[in-house]
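Here come two complexes built around chain A, the first alongside chain B, the second alongside chain C.
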Partner chain A sequence: MQVKAADPAAAEPRTRPERRARPSRATPPRWRSRKAKGLAYAAPTAVFVAVFFLLPLLLVGQMSLSDWPLLAGDRGLNAPENYADATDGTLFWPAVRFTLLYTVIVTVVLLGLALGLALLVQESRPGTGFFRTVYFLPGALGLASASLLFWGLYSPSTGPLSGILEELGLVDDPVSFLGTPTSALLSTVFLIVWKFAGFYMLILLVGLQRIPQDVFEAARMDGASRGQIFRSITLPLLRPSLALTLLLSVTGSLLAFDQFFILTKGGPDNSTVTVVQLIYREAFQRMDLGTAAALSVIVLAVLLLFNALQFRGLRRADES
Partner chain B sequence: MGSTVGSHGRVRRLVTGAVALLASASLATACGSGGGGSGGGGGSGTADADGVDDGATLTMWTRAATRPQSEALVKAYNASHKNKVELTVVPTDDYQAKVGAAAGSKDLPDLFASDVVFVPNYTSNGLFADLTERIDALPFAKNLAQSHIKAGTYEDKKYVVPHTLDLSVLFYNKDLYRKAELDPDKPPTSLSEWDRQARAVDALGGGVDGTFFGGNCGGCGVFTWWPSIWAAGDDVLNTDGTEAELSSGTAKKVYDTYRGWVQDDIVAPGAREETGTTWTGVFPKGKVGVMPMPSTTLGLMPRNLDLGVAPIPGPDGGRSTFVGGDALGISATSKSADQAWNFLAWSLGDKAQVEVVAAHKDVVARTDLASNKYSKADPRLVTINELVADGRTPYALKFGQTFNDPNGPWLKLMRDAVFGDGSSVDKDNEAVSASLSD
Partner chain C sequence: MLTRTLGRTPYFVVAGGLAVIFLFPLLWNAWASVSGQPGTAQESGYGFGNYRTLLDYDAGLWRYLLNSTVVSALTVVLTLGVSLLGGYAFARFDFPGKNLLFLLTLAILMVPYATLLIPLYVLLGRLHLQNSLIGLSLVLAMFQLPFATFMMRISFEAVPRELEESALVDGCGTAGALRRVLLPAVRPGLITVGLFAFLAAWNDFIAPLILISDNEKAPLPLAVANLRQQSMGAVDYGATEAGVVVLAVPCLVLFLLLQRHYVRGFMSGALKG
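Now for the complex of A and B:
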């Protein structure tokens, strides 16, 4: 107790705990015991992160610098050949452009629709629970399962959609949902929006319900219109939830794979190849793990950059 | 003191125990390998033609495309042997990736089948055990489908045996032929006849179409278009599979015919986006006149569908087929090579080939059994079995990445040639060659 009392850090305000936490030789056994407990609590997570994240990351880094065919294994360093090969391919830049285009379209449509749905079911009225459930339900389906379902629906030879549209007289000929670059992109965006709009709606709904009602009431008493309330109160106060959905949508879209792998396989005519599909192609079609790893490292770096920029932008907005 | 000694003693005992455990484990492994004859990796193997049937459990992978044939063979083997084969069927599109990943981590099963065109890639990377002596010791070795044996031979060593033979042939709907006033006993003998007959059936209307093909599926194009080029005596690749010859006059005639069908809407809906997953599911609906199909689907056709089978013709006649299907080998890392060989040797024997393969209306892997009691009962099977001699299996180490990759250069050539104006075939052929020699 004397040692603790003599320590000047002990007298400092609690807002700077890190200075007090500095151990010394004179630290009593009880404190050492607490430290050991802390380490013990943290150890499983630390080991998990090290084994399942850091080690694979290091391995990918090593692979990206090595000649590493899938079937033959590591043949030694060849840096920077894999990085040159990764960006030299005829599909790389088209894939980057397509992935960015897809990300922009999906994010705008998804967040717009999710916000609209959240506003629709924001207030508790009869039937609201039903609609909330209905909107959210597609989110419970796995992405691969949903993609297979839509692949079946879109198929002109085995799916019902084209036939239904013909029966209704809306089209004269069978509809080729995945047959052209534009229709393939839009059909995939439709699937993603159908699947994720409800989930994003839920996040935004939580954000909406955290906004105090008296703020809205005060605005209404001041004569604010619905549009003014939405622009000046709802949107600013919803920013944390919007930031989260934006981050999820951008990251998820930049890493898009399952839906295109199942629906289009990058076609027609390589028009829907995403960057992650390129990684898969290098690893398992061309059987070159080195180039696949180099692409993975590039994607990781770009994702980190995107996320850092998003966080920075949001922090600035908060400060302003 | 006592406690210190005790602690050290415990440690010493633990270390000694661990060493003893490791030693006995190593010994057991060594004995296991020794007992297995050739043991893991197969080596050149023992020359025992029958292998060992001692109740071992064998793991085996096959792809979904040839599932019925593999399942029938495994079921019959398990019912009559002490060894038991545990079959895992992998989706066709994922099979290469799964084998590649397992090879990288040395986790391949005892037996794994492979689309025969991918076999050279696997043999050149040492994934299969050497079976040269075992195959040569078979009494019917010379009668095995040589296209598969050749595909599985690398540096004069044989690594695989034919497992399921899948030939590309024309299926035509006799009912629709009758309605279109075509002779149901006279299938097309040239591409131009095929064109005329497909257009005649298509003219029936009412949801009936002349033909169909997988237009967004490189493997489908290889399987069904190349025989028309071979039928004219041309080739599609050079001998060592490093250069493409897909811009020849004959090849362009074939592309022109298919492009004509697309332009004139003779093809059933969905050809443009057909990635190969459902291309065989269109003909059984009875609304398509004539189209190339895998012979393995003959036994799966609806009983009420009156269909005829014919060889795939060239532009001006001739006949050929793509001798595809799966070859089967023992993985180089298998610890049960002798037991695995027992399954392979049995699967090629008279009983399995006739009572399982032929009974299922599939192509037998041995030419000496081409005429059997089942094929005699169905003339369509005779047509298919006889085609084995006229067919080819292309050889290229970079086959998968060039022809089966949905983003590869061959699919671009196919689509440019058929859905485009066909003007870029020469340039696309160069890209195919570049991929083959990559």
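Now for the complex of A and C:
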């Protein structure tokens, strides 16, 4: 890092004054060719960003304003019909409510557990390396693979969980993990927490290790209790890392798809349909790409707003 | 501190108990995939009946593994190539639009995956890349670019400028300097980027679900998810469990081998935060 900070300052005086000294003449060839080379090296990135990011962004806007059946393609503007259709659908508000509820529950449980795990394996003690790896291991799996795994784990016919809970005397009857709206939601939350807790633990661990040790030493010298140290030192200094995990968890949960598509299929009784599932249904089951695009634009707008708020909050935290 | 006041036993009980909870689903799935269950190919005893079901399912396990391998390899190669050149450009060159392009690349992170897939479905159709593994790889590589470009930019910036300049003085062009001097220096960054790209491509579900319509071309996660709807509602849990093992093993092995490089990705993320 130090090398990086010192270097541009050392390199710049060599080239810049030369350029400024001759403003009226053409740019020196070496400088011009360096510019051209930079452009050439950045060209693949520019092409990717333009074709697969900016173009689709424009296209989704156009689609959201057009009558666009899946098979027939573009049939001209019909604004604002798609937006009206998208928000009038019987599942729209239930899906929004469910997605928000799911996001709140997942984020609270996930960040709480991740923080606990990070504090647990923060100091190096015998076995911490092993425990860190084990907690992270589910994170190496894909979300779809993890969902398929839990689909078997929760199944009433082959899943072992119900039996284990009965053995332990925690329940009397076989548990239906995906059978009711509440149990389906909580079972999915458990899957997500299992899969991602180690991942967030790692982010928080990196943050914890960036806090200088002498701050803790000083607090201990002054006779601060462990609770006081946690509240007045660890939490405030961990704020950037916590903000990052909050951002990732909220964004990820608002866009939840794989886990519900595979585990609950939106059931029972459409009680676990998320907003992204709604986009998929509009596009490929109701075959209306226009309405799906309108839903996409709505989701995009909400997330951009949320991200902007988060960044403002982050910046304020940096300033204080 | 904690150890001195509390002793180590409670720590081991809590940490160990949690470890059991985290490991249990993985171990159970591996065990269930080879143990007997009614209604699966492995009716009783232990054996690989479920894996044989997977080998014969529809286009066959090898076909799906090949699809997944092609998509993952293409995504990794595309991501590495584009972010290597892009990282070099952003770290070492000045050119018009540099900051705008870098910001736009990072902005991919701000836009939800799912909202881009609907227009990408139409766009790939126009480019004749619909239902194609190449089209899928291009899309997956694009989603890797923000992290990859950021990672490669800071990797190049960490290399001392003198190293490159001495190569330029010795008569190397910038391409020669990149190949002979800089490439070895940024190798750890490349490994991190490649690992993340592979894991993302190997595991992705929603992109192939939307962009691939032909079951023959499905990557493995999609194929295993489809396999559950097989044979008139009768669910074959055993074959699914075997599928999860085949999906998980490469990820777990790679993660365990390259843990150090994986964690570096997090360090850079924390730097950014």
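Definition applied: the second predicted complex is superposed on the first by the 287 of 320 C-alpha atoms of A that agree within 3 Å, B and C clash if a C-alpha of one lies under 4 Å from a C-alpha of the other, contacts with A are read in each partner's own complex, and residues count from 1 in each chain.
As a working rule, a contact is a pair of C-beta atoms (placed from the backbone, for glycine too) under 8 Å apart; a residue touches a chain by one contact, two chains touch by 3 or more.
This is a predicted model, so every value here is computed, not measured.
By the touch criterion stated above, A:49 is placed in contact with chain C alone, chain B being left untouched. Of the two partners, chain B and chain C, it is C that touches more residues of chain A. Using the contact criterion defined above for the overlaid structures, shared-chain residue A:269 touches chain B, although it does not reach chain C.
In the superposition on chain A, A:179 makes contact with chain B only, not with chain C.
Touch criterion met: A:158 reaches chain B and chain C at once.
Of the two partner chains placed by superposition, A:236 touches none, neither chain B nor chain C.
In the superposition on chain A, A:286 contacts chain B only, with no contact to chain C. Looking at chain A, you'll find residues 73, 155, 157-158, 280, 283-284, 289 touch chain B in one structure and chain C in the other.
Across the complex, chain C meets chain A through its residues 1-3, 8, 11-12, 14-15, 18-19, 21-23, 25-26, 28-29, 32, 37, 39, 81-83, 85-86, 88-90, 92-96, 98, 101, 104-105, 107-108, 110-116, 118-123, 138-139, 141-142, 145, 149, 157-158, 160-161, 174, 199, 202-206, 209-210, 221-222, 224-225, 228, 235, 237-238, 240-241, 243-244, 247-248, 251-252, 254-256, 259, 263, 266-267, 269-270, 273. Chain B contributes residues 96-97, 100-101, 103-104, 121-122, 125, 127, 212, 216, 268-270, 272-275, 278, 281-282, 400-401, 404-408, 411-412, 415 to its touches with chain A in the complex. Within the complex formed with chain B, the chain A residues making contact are 69-73, 91, 155-158, 162, 174, 176-179, 184, 265-270, 273, 277, 280-281, 283-287, 289.
On chain A, the positions that touch chain C within their shared complex are 1, 3-4, 7, 10-11, 34-46, 48-49, 52-57, 59-60, 63, 73, 117, 120-121, 123, 125-127, 130-131, 133-138, 140-145, 148-153, 155, 157-158, 160, 194, 197-198, 202-203, 206-207, 210, 220, 226, 240-241, 243-244, 251, 254-255, 257-258, 261-262, 276, 279-280, 283-284, 289, 292-293, 296-297, 299-300, 303-304, 307, 314.
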